[in-house]
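Please see the structure below; I have some questions.
In order of appearance the chains are A, B, C and D, and numbering begins at 1 in each one.
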Amino acid sequence: MNLVGGFQESVYWQALEGEPVRLPFGAREWEETARSVMPAEAFGYVAGGAGTERAVAANRAVFAQWSVTPRVLRDGSASDIGASVLGTAMSAPVLLAPLGVAEIAHREGERAVARAAADEGVVQILSTVSSVTLEEVAVAAPAGRRWFQLYWPEHEDLARSFVARAEQAGYGALVVTADTYLLGWRPRDLAAGYFPFFAGKGLANYFSDPVFCALLGENPHASPEALRKAVITWGSLFNTATFTPGHITRLKAWTALPVVVKGVCDPREASRLIDAGADAVIVSNHGGRQLDNARPALDCLPPVVRAARGHVPVLFDSGIRTGSDVYTALALGADAVLLGRPWMYALAVAGQSGVRHTLRCLKTDLTNCLQLTGHHTHTTLTPDDLHRAPTPHAPPQNR
Amino acid sequence: MNLVGGFQESVYWQALEGEPVRLPFGAREWEETARSVMPAEAFGYVAGGAGTERAVAANRAVFAQWSVTPRVLRDGSASDIGASVLGTAMSAPVLLAPLGVAEIAHREGERAVARAAADEGVVQILSTVSSVTLEEVAVAAPAGRRWFQLYWPEHEDLARSFVARAEQAGYGALVVTADTYLLGWRPRDLAAGYFPFFAGKGLANYFSDPVFCALLGENPHASPEALRKAVITWGSLFNTATFTPGHITRLKAWTALPVVVKGVCDPREASRLIDAGADAVIVSNHGGRQLDNARPALDCLPPVVRAARGHVPVLFDSGIRTGSDVYTALALGADAVLLGRPWMYALAVAGQSGVRHTLRCLKTDLTNCLQLTGHHTHTTLTPDDLHRAPTPHAPPQNR
Amino acid sequence: MNLVGGFQESVYWQALEGEPVRLPFGAREWEETARSVMPAEAFGYVAGGAGTERAVAANRAVFAQWSVTPRVLRDGSASDIGASVLGTAMSAPVLLAPLGVAEIAHREGERAVARAAADEGVVQILSTVSSVTLEEVAVAAPAGRRWFQLYWPEHEDLARSFVARAEQAGYGALVVTADTYLLGWRPRDLAAGYFPFFAGKGLANYFSDPVFCALLGENPHASPEALRKAVITWGSLFNTATFTPGHITRLKAWTALPVVVKGVCDPREASRLIDAGADAVIVSNHGGRQLDNARPALDCLPPVVRAARGHVPVLFDSGIRTGSDVYTALALGADAVLLGRPWMYALAVAGQSGVRHTLRCLKTDLTNCLQLTGHHTHTTLTPDDLHRAPTPHAPPQNR
Amino acid sequence: MNLVGGFQESVYWQALEGEPVRLPFGAREWEETARSVMPAEAFGYVAGGAGTERAVAANRAVFAQWSVTPRVLRDGSASDIGASVLGTAMSAPVLLAPLGVAEIAHREGERAVARAAADEGVVQILSTVSSVTLEEVAVAAPAGRRWFQLYWPEHEDLARSFVARAEQAGYGALVVTADTYLLGWRPRDLAAGYFPFFAGKGLANYFSDPVFCALLGENPHASPEALRKAVITWGSLFNTATFTPGHITRLKAWTALPVVVKGVCDPREASRLIDAGADAVIVSNHGGRQLDNARPALDCLPPVVRAARGHVPVLFDSGIRTGSDVYTALALGADAVLLGRPWMYALAVAGQSGVRHTLRCLKTDLTNCLQLTGHHTHTTLTPDDLHRAPTPHAPPQNR
């Protein structure tokens, strides 16, 4: 091992030379720092979840069920965590989850995220409800790789318009979020009266869309009344009340891009969606934001992996905070994971450089975990690398 | 999905328009607010339980054993949580539990509760030891539906008088509370020396009763001495020392109303009571107020459901705080649930509008839970909708 | 049920009449109050345990494994918790455990305890290391029933002298504490440098004994030097380095009193002691004061009950705080239980009346638990009255 | 039992005579005291671990799974905890783990530790990265017994030089630490920018080595530039990127000293290392400093013991704080244990006398545990002496 030149080593040298890195290195520290710099209601919107937030806590606690046995014999070969999912190459099996309305964290919003993702070679999944348009994000980081997340609108022409725009702007896949067809019951936001979209935030992709504007009949920015009407129109068509495997079949017919379905926890639904043409599924309970008593997402991963039978990639979202978390999800069968709240906190605290730092930390942490258990790539991980505790010994401390 | 017009949406719009809803949206927030506005001993009386209050905590903690798998495929049909129990129609499978002496929370007491229940189309179960008479409650909300809870007095003529009055006033069922034939050992109340009934509170139904007054031989309100004597008389006949299936048989002979027995946790007792004519049973450990080491009420539900063999409805009480809790109890076989302390806290904080708000929240939360797991009505729930964790991942946070 | 005249009712009436009972009603409140009135090192000596005090905590936590199912059918018969163990009648199956050196809690020490026990009809087990002599205790409460606890001295003549004195003074049984043949490793006491016996406290039975004084060769109180020599002499013969079933056989030959062995957790040792003539055994880990990782005492009870095969009574000690705890231990096979730290805290706070109040509370709580689960006497309890949780739902909160 | 003359008794007598021992007696108290006297970043370096420090906590929590049944029958024979491992006699089966860079705790560093170990007859395992040279440590405590821990450098001549020097200086065994071939991901240290080696600390064995200096081509202390170059050189060869059973075979050929491998958790790796000539293995996860989700070290012990099949000793490291912990590890098959952070905290607080005091406490505590469970030597312990709880009743409180 060479203690010179790695990421950690550079951190220590910088400190010794009087130029310390003044950013957090742990998820809890990021969260606490974000809490101190964000408006309370915006922080609450990001951190909060459904009901008593039991699912938010359970998504994290469940990781403590799994541990690994350190290994010491090694052959000196270098490690590689590079991955390719659905034709998109990435420096690590980690994608930035499609959290919306990033402007509540930082004025540069999704553009800063795009630049950080490009810097680190990871994929940004841009939300339909982003603060800036998908085209602006593409311009902000031309070299970056990105996928587009789709909230399927009630009006199908609008859906097709989004798909065409994403394809045109070079997005590499479509991620249909299927678990958000109604507002989760979120006491924090309700008590704060905070739902940024009703104030017109996060709707850039709609307001810039020709189909949407035609439906509206006027420029959303023409007047306060127009804005209000635009928001109401958005609310009335935000997400389709029906969602069937047929939607995937239709979407596949519209586009050559790979189609991913996010929010799939039930293995029978996974099978039906894959049979209908889904190119991948993402196991997720939306970070515990929809159902207070949702089964921990990690517990849903193995059944969905079995249902996919190796035919399509399975990704994992909800609870990832550390390299060891990524390790656990990959060993349980995920092909890659999504990182959610952590990037939003990093964005709030330090913008582009914060997101980039978070990604570097996560990649180093994951590389360490692999090497210390005898792996030189994550692709050799299997459930046999994990030990399941009969009861959690100690819960993870970072949410 | 239409984001316009629902309950949550209206909350967000009101806030945006500068008229925010200034009420809690979570059970813990309600409790903490109630703690700050109620006299300490009255709050302690409501919040407290037997002994070390282990059963109070366990009633809540046990819900964390159960989780649900989110579902995403859907056909767009509307949802309906309306129910009918023992011939009483209700807008949701939720009844207001018969907590007594509501005047310690709010001067309008059970009348405010009656109006809120009527507003929301749910059933109020009025306690024998209410602060105002059953007739006054009926007048306060003529359109409301209500059942009458009976503490069976040692003097049977008095029991028959209560039954006749309830029948006359339009109550739709009789709920015999069977688990309170002695005072629970409640250190909080003992330390505070607080038992409101000895001060004459909560005895309106007795003091207004001709049989009781005849027994007493004078007007309870004639003088302090008369009041004290009336209280002692009440204490001497509050609850029957014997309670047998024969009591149910007799009660059925006195009245045409359905008869429900509350406090049934033992499946053998449930069978005997049903054989004797009980039209329904309520699984309850009185909110943990009687036995410090009572088995969590939710754990008692499935055995009683099995004992009832579908012949009569089984209701559930003790620990319900959120829509996901209602979901869990219904999936485990309950036909409806009772909401207890939450309505008392809401009453204390905001009177009728507080109780109404609490009910709207609970109904919205339950509807969300159903829809997000692929149900359009609670009647299709079964234990297969639940996943049992080997050990609770994270305890629920609201008591 | 008659709400007039019982213990709880009298508490509420007194409060209403402006003369509230100003004593705690729960074990935790007693402990906290005692902490505030006792010297820190004396409180630490009573509250503390071995090592990290894990066994102290586990002795309590293990009770949360067990719960009961409430029952509601009842025949109105009165309840009776009176008991008789080894020929000693008692008002409840509860004895006061032989905690030593009570003068550190209250100047009246074991005399106040004797009077309270007599008031309430329970048995006091007097420690060898009491602050006043066994004869003085007998005089202080002539009507009381008491047993004598024996630390078997290395010098057998001294042992015989103690036995003869206890017999002479009317003690009803001998309790040989077998688990204390060396000082437990107690960091609290070591850090405080607190071991009251080296200051001459708790040695009244030795210093008043003719055999001890003859061994010493002078009056322990003659001078500071004599006292120091007496303490060293005491230390040199405090407890026998050997303890075998033969000791019990010998003791039985010396006395007609029943012989009880305290500290028995291993069922094989229980069998050997019973075969040697022990008239009863007490399952106890000395309140967690000897072994940091001692198995919770309650978990040791069923194996010892099985080993005793009904031939002799089995008593239980270590962790009892509430009536529900007594209930659990009795249902698991104990014939009676010992109450330890709680009486010392009550003594420290309020002397004789404190201990008496604690006993009344415990008896009322136990009676309630029995009645609310369909028992009119504790003698009908069996393990079938308990439900074992796979994992504790909520730990008991009072230590 | 004789209460005069033992370690605990002397503590109490000293206090009585006005000369109390002013040192902690419990691991948590030591840690808290050390926290208050050490620079924050140095304390953090010692106390911290990988990632969220879940493995640090789990290493401790896992001990709560195991408890013991007290025993009371005894034959009066004396106890003996003396041991001999790989030809080295020791007063107890406890060795001081090779924590490096002790100067951050105390200016006397490893010399003070050496003297304390010699005073108490235990083995010091000196780290390669010690603050003073291995020869200076040998001189500081000529009568002491010590082993040398080896971080195997990338440059094999340097490895051989270290081995020759240790042999020459009288070290009794070589302990190859195999689990540290890269820097653990330690957010505490990264946030503090604290890695003492880059400041030239802990490198005395390198800077004094002729092979190292020849590689460097100059005196590391010649100038700040030389020091920096020396540190970079050290970093570039600190630990071999390859580690195979062949390394052990080679090392055995270089030296007559017994060879121990530290950090072995996988039983298959243990077998391969033993087959290659390892004379013993140490189960350890480096105190939770390398992998956030490492399986608790104690859970790894039994599989490795089985793999060793009694052919070589198995030692245990990671989590030992108390005598009962030593007891548990020995009963699960360890031949001896290593004590880690506790000696560093004691060193920080009170230098040589602190470490000595800690060792006396641990030995007394262990002796007590053995005697109170019927053992007069640790060599008779087996897994049958332990009871495994289905779930921890109460976690140990000292880290």
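Throughout what follows, a residue touches a chain if its C-beta (ideal position, glycine included) is under 8 Å from a C-beta of that chain, and two chains touch if they have at least 3 such contacts.
By chain, with names taken from UniProt: A, B, C, D = Lactate 2-monooxygenase.
Small disclaimer: the values here were computed from a predicted structure and weren't measured.
Chemist: Tell me the angle, as a multiple of 5 degrees, of the rotation that maps chain C onto chain D over the C-alpha atoms.
Modeler: Answer in degrees: 90, to the nearest 5.
Chemist: Please identify the chain with the largest separation between its CA centroid and the CA centroid of chain C.
Modeler: Most distant chain from chain C: A.
Chemist: Do chain A and chain B, two copies of one chain sequence, contact each other through the same residue numbers, with over half in common, or through different ones?
Modeler: different
Chemist: Averaging only over C-alpha atoms, locate the centres of chain A and chain D and give their separation in whole Å.
Modeler: 42
Chemist: How many angstrom lie between the CA centroids of chain B and chain D, rounded to a whole number?
Modeler: 60
Chemist: Name the residues of chain A that each touch 2 or more other chains.
Modeler: 390-391
Chemist: What's the complete list of touching chain pairs for this entry?
Modeler: According to the stated criterion, the contacting chain pairs are A-B, A-D, B-C, C-D.
Chemist: So in the complex, the part of chain C that touches chain B is made up of which residues?
Modeler: 1-4, 6, 8-9, 11-16, 20-21, 24-29, 63-64, 66-76, 321-324, 327-328, 361, 364-365, 368-369, 371-373, 387, 390-391, 393-398
Chemist: Contact residues on chain A for chain B in the complex?
Modeler: Per the touch definition, chain A meets chain B at residues 50-55, 57-58, 61-62, 154, 178-179, 181-185, 187, 189-195, 197-199, 232, 234-236, 238-245, 261, 263-266, 269, 272-273, 285, 290-296, 299-300, 390-392.
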